[in-house]
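Heads up, the next two complexes both have subunit A, just with different partners, subunit B and then subunit C.
Up next, the complex of A and B:
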């Protein structure tokens, strides 16, 4: 009876996980399908769609734009977010609650509202569709994740370490750079990778703040899907899936992604 | 001079600057929502509350209701499908099973909305995976119409929201005191009774926060209703885009954004008070 119940339960879990992963598998499958029409099972393997994706000018420029935006936005978020996490960890000050509420709010505010806001803000400063607004929008959206990752690492430091160093005559600057910084470096790197992945794949806010010359990869994919129906986008999707999965795998192995995301499973 | 709070201002300045820019962007939306629309121009007129009274028309009410309905369905189905996975993830005996379950359930979170939406288009289309398989098995003659329906949108949205739901539920389940379960089992409760009378009630706060987070999250979904709904299913985000980019009525688009924001904040405030009460009740028992 217990066996039967357990078998039933695990079958259910497998079925649900199939529902969750099947779409990804179908994308990967269609990306190497030789024909334009979906065929199950596939009739062979071909990399023609990858070639088309890699030589399509819109995707090329969108990929370049995306790299610019992602590297600037995630690095800016890393610097500002780490500094802010340290501040919250170390000091209590007037207005901290308000500042925290504003900087955490992108987790709750719909991306289209934020994107729209940055579009209007860009318009007010004659910067619409320029990189400045795109980078700012992305930075604000991914910063809570970096801040959280760094804060979790800071909170895990034994406070006696900093105190001992200070007692032995280390200046605040030394405590920060010789003790705290090395200890939170893994958290910073993990947070930075998460920020980069989120920025690279961000779509809704980007649709509002980018223009045809500054569009990022997800926006270019969206525009392609609306016009054509061939597996070129499958190939782009497959490359994105592989890239992000690899990055997250590295982040997990090297920096303990689960701790960064605060999932505890024991 | 020795600083009393070293690095305070250096570290504070960038955070404050970022917060000010973010607040300015949100303020622009608020500001536009009370401006007059000048047809044929992107410039706006004077201050008015007309945009908010304009919401009071059946078509807009329908879109709002539809958004609520789709979000509610998504939250409920996401909960039903996520609970078994979260339970297995926490309680699996082998380490590699746990790792595998975490990876499988979390990775979809990081592929981005466009890739996920596109993959569901491949699944649900009339020549898509589901229809091809069903036809091959001779279960159907004509393709099922799932694209451009509410069902299709919900099927995709549930899959998107499950990673978040699973994280929240797994955390709740891992906090259940196993001694309570063992005590109930020792006193003769069947495994089913232990689950329904002990485990499930103890995870109610997690269930509730999962429901509300997914509900609020789904209300701001854009690409799924846009591409899978294909204009036949309109959620508030699609209406904002339509008003902003096709009709070019920026003030009305801003008003709709403000309403979406209020709805998202409102459901989170509701969650806070509900989970607070629930936790008090559980603590009293």
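Up next, the complex of A and C:
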């Protein structure tokens, strides 16, 4: 009985995993196809497309753009989001609910709408297709995730710790710098990483706010595939996935990402 | 400090009150706590003990009233300027610091020179028997060790008052007993004015100079342990401290030096009236009598204050046995006898005669 049940359980797990990873696997497999078509299943193994991906100037500049946008947007989102999470955690004030709703709104509003909105705004302020607009758009998109990560780790701090610190003579400033900040640092690092990954791979909104000079990697991939149908984009995808996985793995090791994302209770 | 002047109270609470919305957490509590005293706040869960401590520590602002420490009104002083040490029920040790840094935290906040900090911390570590644990993370400590770190961290700043909020409740029974001893020793060595919170009456009786019994935010009685046990001020205190038999409402009769209780349908108990029994003849009173003041009659014993009943249960407790006796008109009465012989001589269901030592009873005017 238990064996049957465990067989059923594992079948289900395998089925879900397959379903979730199949599209990715297909893309990854086409990336090693030696011929110039995006065929599945692949007809052999070749790394020629990886070489092309790495040397293609549009991808090179798009990757660089992506890094600039991502690092600025995630860092800005981290600063603003952490401050906000702290305010919500520490104080109750009028309008807190409204502020919270506005902050969560990027989860509900389609990226398409946001991107379009920023495009119109950019036009109005003569900022269209510039880095500033892209960074602002990305910052808004990733903010809920950063705030959430920081808030969760703040809320996990025993409120008696701040009291104990105050009781021992720590001013509110010292409570913040000596107790709350160190304890929330893993949460901030985790939040930043999630933001970075989301920003690095964001496509829909980016399509509106980037220009040919400032396009990020997903936009460059989209533009590429509109003209050519060879497996280069598959290779780029593969490299992007491997890079993110590596970053996540290292982050988990360094900061206990699982705990930050509340995947693990301990 | 000056032996000739009367010692000022270390802590004085003047009609301190705390309301949470419409609920009253602490109702107009006035108290004076002497220099070096070990005072316990005792009461059932939710009676306002932590709320009162929170106001003394400064985490909560009183709705009304005034808190004076060493002659200075600190009601509006921020918690971090109060110099009041506190041990939390959860210990609240800083998880990102080791034992040494936890203990040193208060001294660092006071900007003491590094060398002095090291000396003071080492002294606290020695006092709490924590040598060798300096570099340990808090998560690598046992419950008892955490408790000692929390104590060391609170005393190292030489607070004006030490507040302990149920510090022993998270420990198992043996460790509790051991920590009780250590707490008393610590108090003796440091001479710190200490306010200790517990809902465990045994702990309160064994540790305190004085006990404040609270219920529903109000002080019921302030007294030394022995006095509290012997002469509880009201029914709540009588039944909260130790085991006690509540006798039904009875008529009080007085004839010269002798006082008597006329129990409804169950006879009469009499005694030479203690001086504080100043009830008028004929009033109704409630009487409370501890199990150790009720004893089984010897075979063939005659005399006053002997009432009959039937054994309902024995509760064997090692050194003594609590026997419950069903008595007509009185309900269940507990008697406490040494050893376990009574289990054999008076099995459950057997008739038994009990002698009531009425002179030890607590009498309160019936409302």
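Keep this in mind: the second predicted complex is superposed on the first by the 225 of 266 C-alpha atoms of A that agree within 3 Å, B and C clash if a C-alpha of one lies under 4 Å from a C-alpha of the other, contacts with A are read in each partner's own complex, and residues count from 1 in each chain.
To be clear about the criterion, a contact is a pair of C-beta atoms (placed from the backbone, for glycine too) under 8 Å apart; a residue touches a chain by one contact, two chains touch by 3 or more.
From a predicted model like this one, the values you see are computed outputs, not experimental measurements.
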Touched partner set for A:116, first subunit B, second subunit C, both or neither: first
First, second, both or neither for A:161, with subunit B first and subunit C second: second
Partner chain in contact with A:19 - subunit B first, subunit C second, else both or neither: first
Touching partner for A:246 - first (subunit B), second (subunit C), both, neither: neither
Touching partner for A:254 - first (subunit B), second (subunit C), both, neither: neither
Partner, of subunit C and subunit B, that touches more residues belonging to subunit A: B
First, second, both or neither for A:183, with subunit B first and subunit C second: second
Touching partner for A:174 - first (subunit B), second (subunit C), both, neither: second
Contacts of A:218 with subunit B and subunit C, given as first, second, both or neither: first
Residues of subunit A that lie at the interface with subunit B and also at the interface with subunit C: 172
Subunit C contact footprint on subunit A (complex, rising order): 158, 160-161, 163-172, 174, 178-179, 182-183
Subunit B - residues contacting subunit A, complex: 3, 5-8, 10-12, 14-16, 18-19, 21-29, 32, 42, 81, 84-85, 88-90, 98, 101-102, 104-108, 110-116, 118-123, 127-129, 132-133, 136, 159, 162, 167, 170-171, 174, 191, 216, 219-220, 222-223, 227, 237, 240-241, 244, 250, 253-254, 257-258, 260-261, 264-265, 268
Of all residues in subunit A, those that touch subunit B in their complex: 2, 5, 9-10, 12-13, 16-17, 19-24, 26-27, 30, 37-40, 79-80, 83-84, 86-87, 91, 93, 99, 102-103, 105-106, 108-114, 116-118, 120-121, 123-124, 136-137, 139-140, 143, 172-173, 176, 194, 197-198, 200-204, 207-208, 218, 221-222, 225-226, 233-234, 237, 240-241, 244-245, 247-248, 258, 261-266
In the complex, subunit C residues that touch subunit A: 57-59, 78-86, 88, 90, 92-96, 105-106, 109-110, 153-154, 157
